[in-house]
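Next, two complexes with chain A in common: one pairs it with chain B, the other with chain C.
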Partner chain A sequence: MTDWAVKGEALFKSYGDNKALSGLDLAIPKNKIVGILGPNGCGKSTLFRMMTGLVKPDSGTIEVLGKTPGWRTNREIAYLPDRARWYPNHSVRQAFQWAESFFPGFEIESAVKLARYMDIDLHLTVKGMSRGQEARLMLILCIARRVPLIVLDEPFSGIDVISREHIIDGIIDFIGEREQTILISTHEIHEIEGMFEYVLLMDKGKALWSGDIEELRAQHGSLHTVFRSFYKRSVITNGS
Partner chain B sequence: MAPNVFWKLVHHEFHWSGNRRKSKRKLSGKWWAAHIIFVILLGFFILTMFSGSKGFNLQNLWFFSLGLPFAIFFIGYGTVKKEWDNETQGWWLSLPYSRSFITGAKLLGSLLQTWLVLVGVYLLAVVYGLYMIAVDSHLAITDLGAFLLTGFAWIFTLVIFSPLILALGMSLSLVVYTEYRPVTPILWVVYMGAGSFFYWGYGNVNKMQNFYRLFTGEVAATWFPFPFYIYGLAVIGWVFTYLIVRYLGGLLEKKLAL
Partner chain C sequence: MDQKEVSGISFQIDFSQPLYEQILNQIRSAIVRGEIGLGEKIPSVRELAQGLHINPNTVMRAYQELERDGLTEKRRGQGTFVTSSSKRVEAFRMEVAKEQIHTFIEQMKNLGLTWENVRAYIDQLLDDDKGGENP
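Showing the complex of A and B:
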């Protein structure tokens, strides 16, 4: 059995002239809450799509839970895609029933409990929801799965700051007892910083730094300071 | 793969009618229903006026349904496109089932929708035929029989060809999201050209048994008025449909461009 949830070597992926991944190496340990952080366009979403078999690397190798990613490995992954929406005609309850039918490991009782916690009415229809409510629903659809790996691409976008803190606390409580690896890409580092145990910092399709967050903090201070020091060069380049 | 999951997926595809992008600029369900009823009533009214004219033949009305193959094509096209319109493509594509499996479920779901539409069109024709017999003294019960028989033959032909037409529609929609996107304009020309050629060509190739002669009432209506090779072609079409679904599954597996 491998100790890595995700392991990649020399990953390259281009879309025409745009290089999404440029020789990314990564090794993400199991059973940790991992922050995949970096500025827009640094390759986070491409990496997540690669983990779920949606895109193939141009070169390099990637293993998820010890296997090459594809539709078969998605049985063990709960994936919240980037900029995703949910089926507009579904009610919350129908969405849960849908997930129970098609997502292995989905626990409808847990989903109902989470919906109550996140203040989502089960009879509400998606097309009548605010973006924040829809984002919560999609988050529940992933969190309520008992699978070894959860991959959340910008899960808090659209959720207001006050609700966000409340939701993050709930998630920490909920997953606290479980043996799951959770990968989260987000720009909302202020609220979520306390949740991470491990961090992968990316820029221009490469890994800048990866390791335990305590180690990172010991070296560079808070994540906000880390961002300022690691991406200083990018900021200067963009600003000039 | 569990057949139970497959049929649940087919059920989902069959029932899923919402399109977020279109609903932004379109009317609510009630207004849609009101518009459709208005158009049907208007159609009844206009056709009733028509029927008074000299030489009116009930069978001519089937000319109005010549656009149905194109409508079927766009049901196939739309069933894939709505995933992107609704921004649900990430959920759909990351389902833990093979891409041929999920594409096949989509085809079957839209096939059931198509058959429902075709049955609906035929039932509407039955109602209209009965209405015309009641209001127009020039029409006899034999005219109604010929009208419904012609309609049956035409709708049945569409039913057996609809899997292939849907698969072609799906292929045009899916290619856009793969590395073969640049081929899309060529495919549009080929598919639309092939559709037009079918209408134009079939009428010319077979001068005795074609739907133009059938719809004008020049040939007697029967249950199966078309040459038998047409039905053979439909069976070959099912084989092609299967191959297209497998090919589309492979495209999504290896050539997806997100």
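Showing the complex of A and C:
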């Protein structure tokens, strides 16, 4: 048994000259909503791909739910990649039926309920959807799964404020009933910051700060201020 | 600062301060000031979480503390209600008042003021304030 949803030590990963991760340490507690925050290119997506076994670290160790990432752990992870799309010819109902046969832990009743919450018509076809509607569908396909770990990479990009609020309401509706860790990466924190319990602030492939968000607020103020001060500092120190 | 109303209770959430304390203190004040009446139902954890877009676990922690305060009670299958005992609310009001007065006195001591100095200041302020709308 382990208390960590994800634990990584001294993770390095380069693509040619581009260092995606350069000595990342992390220990993310279980059953919390976790914000993985940082500017574009800070290594968030590489970290997520590493957690799902799509990318191997050059050095360092990573464990997800106490195991090395691979097909075994992926059954326990619902992963929403950045800019995810769905089959254009499917209706929402068909997408749910497809998911029910292929995604471990997918609960169709939950998906239908979430769709109602997020204002998605079951008869709608994917190709007729707006960007925001498709993003909501992709999100439902992830969070309707009863799995210990949900990983959402930029679930709000390109989604309007109203849709974001629907999404948050949907998430609130589901947690509490379940023991799940939800990791959310985003650089738009406005509607979601009240939802986080733990945050990992990343920059240039490393952790700048991680911990309980209420502690972060008590010590440093709002995430907005934190973003400004932390990242300005790191830009200055790295740029000199 | 975000001003929001959930089931008749208004909240001002400041994301630069810990959220748990804000929810707790704002509901405490609403009860003590009578904005939520004795025996009245308060929003469920989920309703408040959705209304404020705040993690339900944070709201739940605040609710547990309110129950420990004796200001609210859970009724099985019905939700959470403000206590119907005006005595309990009054006792809580006094506890908080005492605590704050102690803090205040400590701070005045740290400024090197005697109780006489402080009392004189307060009297003067109250005089200046006459006709104001302080209750």
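Basically, the second predicted complex is superposed on the first by the 232 of 240 C-alpha atoms of A that agree within 3 Å, B and C clash if a C-alpha of one lies under 4 Å from a C-alpha of the other, contacts with A are read in each partner's own complex, and residues count from 1 in each chain.
Going forward, contacts are C-beta pairs under 8 Å (C-beta built on N, C-alpha and C of every residue); 3 or more make two chains touch, one makes a residue touch a chain.
Everything quoted here is computed from the prediction, not taken from an experiment.
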Overlay on chain A: chain C relative to chain B, clash or fit: fit
Touching partner for A:41 - first (chain B), second (chain C), both, neither: neither
Touched partner set for A:222, first chain B, second chain C, both or neither: second
Partner with the higher number of touched chain A residues, chain C or chain B: B
Partner chain(s) touched by A:127 [first = chain B, second = chain C, both, neither]: first
Contacts of A:72 with chain B and chain C, given as first, second, both or neither: first
Which of chain B and chain C A:56 touches, first, second, both or neither: first
Vertex chain A; arms to chain B and chain C (CA centroids, nearest 10 degrees): 160
Minimum C-alpha spacing, chains overlaid - chain B and chain C, in Å: 28
Residues on chain B engaged by chain A in the complex (per definition of touch): 5, 8-9, 12, 16-20, 23, 86-91, 93-99, 253-254, 256-258
Residue ranges of chain A touching chain B (in the complex, touch as defined): 15, 49, 52-56, 70-75, 77, 79, 81-89, 98, 101-104, 127
Residues of chain C that touch chain A when the two form their complex: 13-20, 45-46, 49-50, 52-58, 60
Of chain A, residues touching chain C in the complex: 32-33, 165, 168-169, 172-173, 175-176, 191-197, 214, 217-218, 221-225
